[in-house]
Every structure is written in structure tokens, then in C-alpha cells.
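Both complexes shown next keep chain A, but they swap its partner, so chain B is in the first and chain C is in the second.
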Partner chain A sequence: MSDSTTVTPDPAPAAGSGDHPSRMPSRTRRRRRAGRIGQVHPLVALLWLAPALALILGVVLYPAIKLFDASRGEYSITGLRKGDAGWDNYVNVLQHPDLGTVLRNTVVWVVAVVAITIVLSLALAQFLVKSFPGRRFVRWAVIIPWAASLVITSQLFVLLYDYNYGIINHVLLSLHVIGTPIDFLGDDSWTMFSMVVVGVFVSLPFTIFVFIAGLGAIPDDVMEAATVDGASPWQRYWNITLPLMRPALMIATVLNVIYVFNSFPIIYTLNDRNPGYAHDTTITFMYKLAFKSQEHDVGMSAAAGIFNVLLILVVVGIYLKIINWREETSR
Partner chain B sequence: MTSTTVSAPPSAGAPAPQGGPTATPRDPKRRKRILMAIGGALVAFVFVAPYLVMVLDSLRTSSDVKSTPPSFLPKVWQWDTYAQILGDERFLNWLKTSLIIATGSTVIVILVAIPAAFMTARHRFPGRGLFLLVVLVTQMFAPTSLVVGLYRQFFELNMINTYGALILTNAAFNLAFAIWILHGFFSSIPLEVEEAAALDGASRWQILRRVMLPLTLPGLVTATIFTFIAAWNEYVVALTLMIDDDKKPLTVGMRAYITGYEQHWDQLFAASVIAVVPVVILFAIIEKHLVGGLTAGSVK
Partner chain C sequence: MRSTKKSVVVAGLAIAGLALGACGGGTGAGTAPGGTAGATGEEAKTIKLVAAEYSKDHTKAFWDAFAKTYNEKTGYTLEVQVVSWDNIDQQSSTMIQNNQAPDILNLNAYASYAKDGLLYDSDAVLPAVAKDDILDTFVKYGTYQGKFYGFPDLSSARAFFYNKTIFKQAGITAPPKTWAELEADAQKITALGGGKVGYALPLGPEEAQGEFSMWMFNNGGDWKTDGNWVINSDKNVQTLDFLKKLADEKVTQNNPARTNRADAFDLFKSGAAGMVVGFSPLAADLDKDKKVDYGVAPFPTMDGSESKTLGVTDYLMAFKKPGNEKAVKAFYNLYYTPDQVNTFIKAEGFLPVTESGVKYFSNEKALTVYLNTLPNAKLTPTDDPAWDKVKLAVQQNLGGAMNGSPKATLDGLQRTAESVG
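The block that comes next holds the complex of A and B.
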């Protein structure tokens, strides 16, 4: 997951914070000085921010403009611009016979992967904050799908799922769970399920670690007080842990929605042999329009890309609202 | 779900619990710990199992990978696949590309993120909130959604098939994370440290270099490793922009081992092992910072 790089705004008390407790100043002095030392002229600030701004404008904003530009053009099969298409590409996307299937796949894919990931991660995080022999190794093991390239993991699962040679079918057959092998990737009724399993598998590590952090932030004394008051473990979890985990849950949900929505390699690789768009989401649909379809239609793909960007922007908007953006930065 | 693969002894990922059956049943705490260790080993196994298959498959002959019925262990342990691909010029080119792109993007990200994070974390100026908002929004965009725009841009700049295009793309899309994490580390340093240096007549640049950077070393390491891994594993943009076989990075290039004409499963998996193992080790190094660095601040 290049998608795996994540952070939430203002991670102020990060790991370095505990290192210099002895240097904490008296409060008055700090406040007086802070006002003076912190202010800089906007032009000086701009100088320090310029490289970052150049990179963002040049390689994020400019391609976004290019994308919009391309969505309004008509392209030859080799990618040369033939003329203006107006809004035709958008109309073509909206009228594409497979759009309904693709949208339904996208919703099923995102909702299933995120929901299952969250539920499993809550349980696993709860387990991984307890102390037991070998916990370190278990945490390292959990990281692996996060660190490994998504394509490699996907390719691996193509083989694990294989009808003839796959170890999953082999194990299920020898345990007599099934009588005949399952065509996990070829059988239409299994394909989405098989993809969701891989999606959950690679989304778990990040989510588990977000929840481990969330659980670590719950003060011990609250738990102790509840225990003294005679609350059962389930009551404690339902009435204390979950409400206090709300921020972590929100963040994990929204970020996972974004990653899973943007996820490309799993669907692309596991679906490699299936023709058409029967199991594609909006992201792979967009890619195939430009690079893999008969038409190689750059314009239409770009229009689909704009729809994707708009969808993400809506999610980002919700995200910003959730984390209370203004409050965070004014601190 | 993936636990369907669990069937071998669950000792793969985690160490076997100490003294299982000899524990006295009267000691419930000890028993609980042992049960948890066994549960932990099972969890570890589920996460490791697919990659264990990858390692085992890299040690089989290619025909053994696709044999019916499949066997858990290789019929013949074929160790020289690694030597084979390490002597394969195609593989070395992909590896070279991956290294150049990951290193190049990481260097750019760190050099660009440090001044930006230092400025926003330690100073107040008009437009600061806006800048941080822009950074946050870029973080939401995976290059995937913009891939057609990126292709048009680099096509027009005549940069298809160049390292530069991929380095710039990876740098731009991983910048946000690096800025956030360094911003967090810079913010946590007490003002006095900076003030003392300022009183000694140090310039802002000297303060950053001599005082702040050494104190944020863990943050720098985390940001560096994260960026490197993300660039190392990037797929969609590389798949789109790198058309020449010898310019492809590992993730894209190794697909050539399995085509309609040749199927070298052993080589594919050996290449996968070489691509995955170093990254897992890097990730394990920063595991401690993951919890603190990833979510602190959002979880109050």
C-alpha cells in the first residue's frame, strides 16, 4: 500500500515528547516568549514551504488539471488529442452499460472490506495489547501484509486460490469441507468474496495498529473504577472502551474507506483472467478504459477519473468534519 | 477467512510457548498466559502463512509449484533459483530501478518535508492553516485516482520511461505523511531548547540543523522508512509510465516471469521474497513508533 502511509493531523505528542521533561519551562515565561519567537513574516515562511508547495502543485494539482483537461478531449487510440469532446466523455461514462455493475461492485467491495476489517481489528487489537509471551513476534507477523507489496500479495493469493494447484482448495478437500474444488477467482459467485478476503487481510495491520494506539490512550483508572463497581467485562467494553475508542474508530473507518476505494492491485491482479468489467470497481474500471479496453479511450477514462476524485473529495470533506479541522490547527 | 490455510503446526511466526503441558493447572494466571501465547501463535500463523507459501514456492521447481495435488513442502529443495535470478540481467535492472526510485523519492521527501514541517510546527504566520489543509488533502489522494492525469503530464513532458517521473510522483504523494510525522515531532520539542540557541545568536537554519534535527531523529527514521517502503511497493503509476522492460521496477517487472510463453513460478517467488523481506525488516524496526507516531493526537 503506498496507500498505507497515513497520519492524522497534528500528531503532537509523538514518540519524542517524553524525552525532555526536565526542560519544561515555567508557564508564564513560555507564554511570553512563545508569542514572539513564533511569529514570522509570511514571505519568510513561504520560502521554507516553497519546495513542498512546488511538489504538491506540480505533481498533484497539475495532473489533476491535466485529468480534467483530458476528460474534455477526444483521443485517438494511440493517445493523441484529436479535438474537443465537451462533456461527451462524461455522458459516455454515465451511459456505459457496465456502470451499474461497477458501482455495485464498488459499494460491496468498500463496505464489506471496511466493515469486516474494523470488527476483526477491534478483537485483534484488544488481544495484542495484553501481555503474553511472544507478543512482540505476533505484532511483527501482523505487520507483514502491510509491508509487503500489494501486487505480490495479490499474486500470491492468485496461486493460493487456484482451482487445480491452490493450497486452499487442497486443504478444504482433505478436510472434507468441500467435495469438489472451488473456482475462487473464476466462479462469478465466489470472485467478490475471494477479493474481499484479500482486501481484509491487507487492511488488518494498519487498522489493528490504529486501535492498539486507541486502546493505549484509555486511562487505566477508568477501567479500574468500573471493575471496582462490579461491571462485567462485556459491560466495561461496551460502556467504556468503545465510547472512548470513538475517535480511533472514526479515523480508521474513514482512512480505510479511502484506501480500499483507491485499491487497485488486488482487484486488478485477482481479476486478470476475467474478461469485461464484471468484478471491477470504479478505480480498475477507469484504468481499463484507458489502458486495457479495445478502445483505449483516454478521454472517457479521464472522465471516470474525475468522478473518482469527486467521490474522494466528498469523503475527505466528511473526514475533515469528523476530526474538527479548525479546532485542531488553532491549538 | 484466511485461516482456511491453517493446517500446519502453528509455530511458524511466534516462538513456542514455554513449558505448555507441564504448567500446573492450579495456577490460573499462568494457564491463561499460556493459552494466550498459543492464541498469539495462531494469529501470527494466519498472517505469516501466505508468505510462508511464497518462501516455500521459491524453493521448489517451477513444475512443483503447479502440481496436483499440491504438497506443503517442496519435493526437491531447489536453492539455486536465487543465484539464477541474481544473475539475471532483467532482474538486476528491475532491482536497480526499484532502488533508484525508492532512494530518490525518499531523499526528496525528507529534504522537502523538513523545512515545511519545521516552519509550520514552530512558527505562526498567515496561511499556515491553509497550507496544512492542502497537505492533508493531498494525503487523501492516491496517485491511482490521478493516474490518467499523471500519464498525460509526463507524456507531454516527454518523461514516459524515466526515473524522474516516478521519483517525482512518489515524492509528491508521500510528502504529506512525512510532513505530518515531522510536524508532530518538531511540535513536541520544548520551546526553551530553541530559545537558548536563539539567544546564543544561532540563525533559524542553524537552530534547525544543530538543535532540532538531532532531537527528531526517531521521527526522521520513521518518515524515511515509510516513504522508502511506499515508493518501493508503488505499482499503478510504475505500471503505467514504465513501458521499457529494463526501466520497470521490481513490482511491475517480475510479472514477466509469468506470461503466455514462459512460466517461471520459482523465479517469480524468489523475486518476491527478495522484494518483500528487506521491507518487512525495515518495518519491524519502526514497529515501536507505529503506535505513537500514527495516531497520537487523534486519539485523545
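The block that comes next holds the complex of A and C.
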């Protein structure tokens, strides 16, 4: 479960927008052949859609139905289904004493990681589009945190953060920045910060590359025109680069929100020493409900899973709505 | 612009959907009948074992060799799936949800499974010879409602480990016999400075119940007495108060509430900790590293009375599936032959579960200290299905006492225990 919910960002969806122009010519050709505009025989259409439909039914719909089914069941600690629970599991999730903490953590986690990632990536992408000796090497280096498994990265940070042997504490102590080591993962006031750092670290590569692509798509003549008109670098950035980066920013934000929201290994690994739910997000909360907590209840966890999906859909929906609204009002 | 946005929405929905789907894969319930044995009542020729991985080197090797012997001797086939301890709970739960329980499952709990009516008891599948050979303690804790379901595969007993070099530096001549001595020794060790830790106290979620049991038993306390939960008894509050005192005096490692057992072992292995509760696999690691000169002693008691130890055993439980009875019985028949069970235990560095095993290991000097305590070891109440949940509650909540009130923490656990069982 952990692996698939937190796949590292794949650029394919972002590239999807580029498919439209290439599809256009073939469609016009077919139109001409069919005689009527925009129509093929429904069976032919179905044939072409079959693989995609099968995939959606098998990989998305079927498990979703199963999940819903599980959320309505009453389960023993062993996993045995004992009967139907109606909406009890949902009620139990909503009445869970730690739900407030978990939701607050989720908001802090998603907002902090996405916001810091976007700001840092904008700066780093700007740097990486400039040509300088060794640029290719630096670009490759940036990909590494993306290529490494999240569990491995998280485990690595556990070692870096360690109270007794961690290199971060070692360096800070040697530089006399601190007098006693910091318990990055065990001290409640540090734990979320430490996790956000890792979250940003692994989200940077994808975001940077989206922004590099976005910067590359800005026509040079627009920039030249602005320079000729005497715009300062800051004006050029604010009035030309950023507005033209809008699609890239939007893609990066929406995808990052989803990935970060669904991120399991980072929080699970860095937080495994801490009892209770003090630093869990809704995703690790869901896992702990099923396997680690005293509830140990698959049904309740499935109900929490349904809430998770609804939550992320609502968040993305609201975000897109806001973007639309801004676009409309700016005209 | 417009198409970009549309594709973003589509991508978003698709990914959210995939995430949903992935979760479904882990937790989705199945109602379809299935399973390796088939549902027709025919005799199963192939059975499946899901085994926990005690060590990378030995577990799989042993079970593969076992499956080969099993096939040669009985004609049945044994499919072996070795799963890491991190995952086994999750995997077994998913298998049972999907009606694909293995025939034999190796886990650290059994009572909930027996309660759900999923298991064979000893009358059905355990050869009488094997049952007679299993130590009485384990038969007792493997019995749920008068029937023996929890067949032990191996056991361990905890003991008190101390670093002889550190003890010498701190001027301590003998391992402590009472808690007062332990506290004084821990203070002396911590006073050495240089990051030395007096007593490594792991109360993190990994195995808080194990550490606390050890202290609890050596103050005359228990989880249950006469069938009633007594988690918040005066004795137990006194015990947890003492642990909090150690933590407050800073003679333990930093943040004991957030330290897992593995981390405490690491401190001891690196020579930073003076004392820790360990067991034979820790000793094996220490012997391999040859870095720490350590001693093993009985755990000190509150008042200097006779020391008690926490025994832990894992189980090989047999799932009721049509037609698999004979093959499963043949499995136990072979597993409990001294050759097999003791080979496994020896390779993994644990302790025997049978009387013949105790004899077999009696000439192993390193194990004497554990073997002597084993027949009288106290176990956690694994025979009560409620314990399976109480254990999780203890893991998630016990550490809270280090920054709060031990009494309130134990009261909370007592309430949890009474409400689930």
C-alpha cells in the first residue's frame, strides 16, 4: 500500500496537455472519412476505449467498490468479517478523539511542504536554466532524491537526525551552535519540522523539472521585447515570467498537493518512535487504525480511507475553482 | 490554456483514484470463496505456511530445508512464504479478509484467532507426543477456553545485561540486586560523562509492554490476576513511578518514551549504555561484534526477592480449512521432532519450547542463565484475546507517562482493557 499511494511524481500527466495538438490531424481525417462531424460507430469507439476502460474498471473502480464495501463491514482484530456495520465505522472515525490533531497535522504538512517546495523550486529552476559549466551534472544530481525510494531516503534522514550519532547534531555541536543535541524526531516541537524538511527534499526534483520545462516554454522574443522596453529584471520576472509560468505552477501545485497529502513512508518512518497520533497525517492515521493502534480495525480504516479520497478531491476542486475565478476576474 | 487545465483535472482525479485503488488493495475485503485447500472436502495435498522472518540468514533456509524433508517423509507439499515482522500482521489480516488464510501461520498472538473460531485445537492436529513434550508454561499460555491452540515455535526469556567495562570505570563491583542499587549504579555511570547512559529504557511503541512487564513482574505486579485486569494496581503505579523517576533523574538515555527497543540495543552494542534488558539474540550480536565486554544477570527486583523473568513465545497456529487436517498434523509431527525444532531454535539463537529441547540445550553455557529461568518465566496474558488490543494500547500510550502522570496512564489502560475484554 505504502508504495503505490506515494509513487514519486511522474511527468506523464503533465505532458498530457501536449497530446491534444498531435491528436487533432488524425481526428480530422477520420471525420472526413465518416462523413459526419465528430462521429464514429459506437462499437468502433468502444473497441478503441476497451483497454483504458478495462484498466479503469480493474485498477480504480473495483478496488474502490471493495474499499467502500470494507468500510461498511464489522471486522475482528484478525481480519475476519463478522457482519455489517452500517455507518458505524464512519461515525467512529469522526468521533475519534485524535481526529482534530490528525487533520491539523495534515494541513500543516501539506501546506508547508508544497509552499516551501514551490518557492525553492522557482529559485532553483531559474538557476538551472542558465548555462554554466557542469549544468548537466547538477541537473542529474537534482534527480537523485527523486530516483531513490522514499523509504530509503527517510531511513537515511533518521540516521542524519539521530540524537546520539546523527551527523546533523554532530556538526551543530562541533560548531558550538547548540550545547546539547537536538532530538529532531522525538521532541514534539521539532518532529513536524524535521519531517517537512524531508518532504521538501523529495518533492523538489519533480517540481524543479516542471518549472524548467515551464521556463523553457517562455518565448525569447517576449523577453527581448521587455528588455528593449527597459523593464528591470524584477519587472520582467514579475510581469512576464510568472504569468507565463501559470500552467506549470498550477500543475506543480495540484500534483504536489496530491502526492504530499498521500505521502506515507516519510511520516511513517520518521515518526515510528512516537506513540499515539501526535504527528500523524490522515494517511498514516488510516494505516495505524488498521494495524498499529488499539482499534486495529480494518473497517474503520477503510472508512478513514474513503474520507481521505473525498478530502483530497474537495481540496483539489476548491483549488481549481479559485484558479478559475482569478482568471475570470483578471480579465 | 483550457486544455491544460482540463488535463490537470483529469490527472488529479486519476491519481486520486489510483491512490484510492491502492488503498483498496491493502484493506479491501473479499467475500469470494477460495484458498489453497479448496472447498470441496477433498484431502489437501499442498499446505501453505506463512512464517515470520527471525533472521535474514536462517529463517528461509530452515523452512526450505524443512519443506523438503516434509515432502520426502509425508508426500505432502509445503509452500513456504517468509514475511518480515513489520509486515506479517498486515499480510495475515489481509489474507483472512480475503478468505485466503494460510494453513499454518507463525505469529506472536493466537487468542483472537482462536476466539474467531479459525483455528484447530491440539486434539485435532497436534500429535500427543509433541503436546506432552511442550513445556507446561507454554501449554498454559497457549490455552484458550480450555483448549490448546497456541503451539509455540520458539521462546525467549529476558535477562539483565550490563557492560563490565563501564561498571569497572564507575567502580561498581557486582550487578545490582535491587532497584535502589540499580538506580545508584545508573547514577554512577551517568556521572562518568562522555554520553554514557546508566540504564537504556525503551518505552517506545515497538515493545513497551515487554520492558514494562519485566519491571512489573519484579515488583510483584501483573497485568491480570485471577482473570481480572489489574493494570492500575498500586504495585504497577509504583513501578511506573520508579521508571519516571529514572527518566527524570536523566540516568536513562534521552527521551525513553520515544526510544524503541532496537535503538536501546544499539546504545548497548556501541558501548554507551551501562545496563539494558536483553535476550539471547542480543547476546549473539554482541558476541559477533566482540566490542562490548558484557555480563548477564537476573533482573534486579524492587526489594531484593527472587528475580522473575518475562518469557515470550511465538506461535505456529493451524487454520481450519476443509481437508487439510492430515497434512497439518504431519507438519506438527515433523516440526516437533527434536532434530527440527531444536535446529531452528539454535540457528535463530532463541530458547527451546520443549522439555527435550531444554535437555538438548543444557550443555550450552551461554544459555544457562535463561534456561534456568524458563520453566518459571511469566508471560504476558497472551491467552486472552483482549490482550491483543491491550498490548497495542500499551505500546501507544505507556510512554506518555514519562511526561505525564503514571497513575493516569495506567488508569487509562485499565479502562481500555476492561472495555475490550
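FYI, the second predicted complex is superposed on the first by the 269 of 331 C-alpha atoms of A that agree within 3 Å, B and C clash if a C-alpha of one lies under 4 Å from a C-alpha of the other, contacts with A are read in each partner's own complex, and residues count from 1 in each chain.
As a working rule, contacts are C-beta pairs under 8 Å (C-beta built on N, C-alpha and C of every residue); 3 or more make two chains touch, one makes a residue touch a chain.
Predicted model, so just to flag it, every value in this text is computed and none were measured.
**Student:** When the two structures are overlaid on chain A, which partner does A:L320 contact: first (chain B), second (chain C), both, or neither?
**Tutor:** Both chain B and chain C are touched by A:L320.
**Student:** After the superposition on A, what does A:Q95 contact: first (chain B), second (chain C), both or neither?
**Tutor:** neither
**Student:** After lining up the shared chain so the two structures overlap, which partner does A:V197 touch, if you call chain B first and chain C second: first, second, both or neither?
**Tutor:** First partner only, chain B.
**Student:** On the A-aligned overlay, A:V59 touches which partner chain: chain B = first, chain C = second, or both, or neither?
**Tutor:** Both partners, chain B and chain C.
**Student:** Examine A:V298 and indicate which partner it touches, taking first as chain B and second as chain C; both and neither are also allowed.
**Tutor:** After superposition on chain A, A:V298 lies in contact with both partners, chain B and chain C.
**Student:** Give one of first, second, both or neither to describe whether A:I144 is in contact with chain B, with chain C, with both, or with none.
**Tutor:** first
**Student:** Between chain B and chain C, pick out the one touching the greater number of residues of chain A.
**Tutor:** So, of the two partners, B touches more residues of chain A.
**Student:** In the overlay, answer first, second, both or neither for which of chain B and chain C A:S189 touches.
**Tutor:** Neither partner.
**Student:** Residues on chain A in contact with chain B in one complex and with chain C in the other?
**Tutor:** In chain A, positions 1, 4-5, 13-14, 16-17, 20, 56, 59-60, 62-64, 66-67, 69-70, 79, 164-165, 247, 251, 258-259, 262, 286, 290-291, 298, 301-302, 305, 308-309, 312, 316, 320, 323 sit in both the chain B and chain C interfaces.
**Student:** In the complex of these two chains, what residues of chain C are touching chain A?
**Tutor:** 1, 3-5, 7-31, 89-90, 92-97, 112-113, 115-116, 118, 195, 204-206, 208, 253-255, 257-260, 263, 267, 270, 272, 385, 388-390, 392-393, 395-400, 416, 420
**Student:** Applying the document's contact rule, which stretches of chain A touch chain C when the two form their complex?
**Tutor:** 1, 4-5, 13-14, 16-17, 20, 56, 59-60, 62-64, 66-67, 69-70, 73, 75-82, 163-165, 181, 183, 185-187, 247, 250-251, 254-255, 258-259, 262, 272-276, 286, 290-294, 296, 298, 301-302, 305, 308-309, 312-313, 316, 320, 323-324
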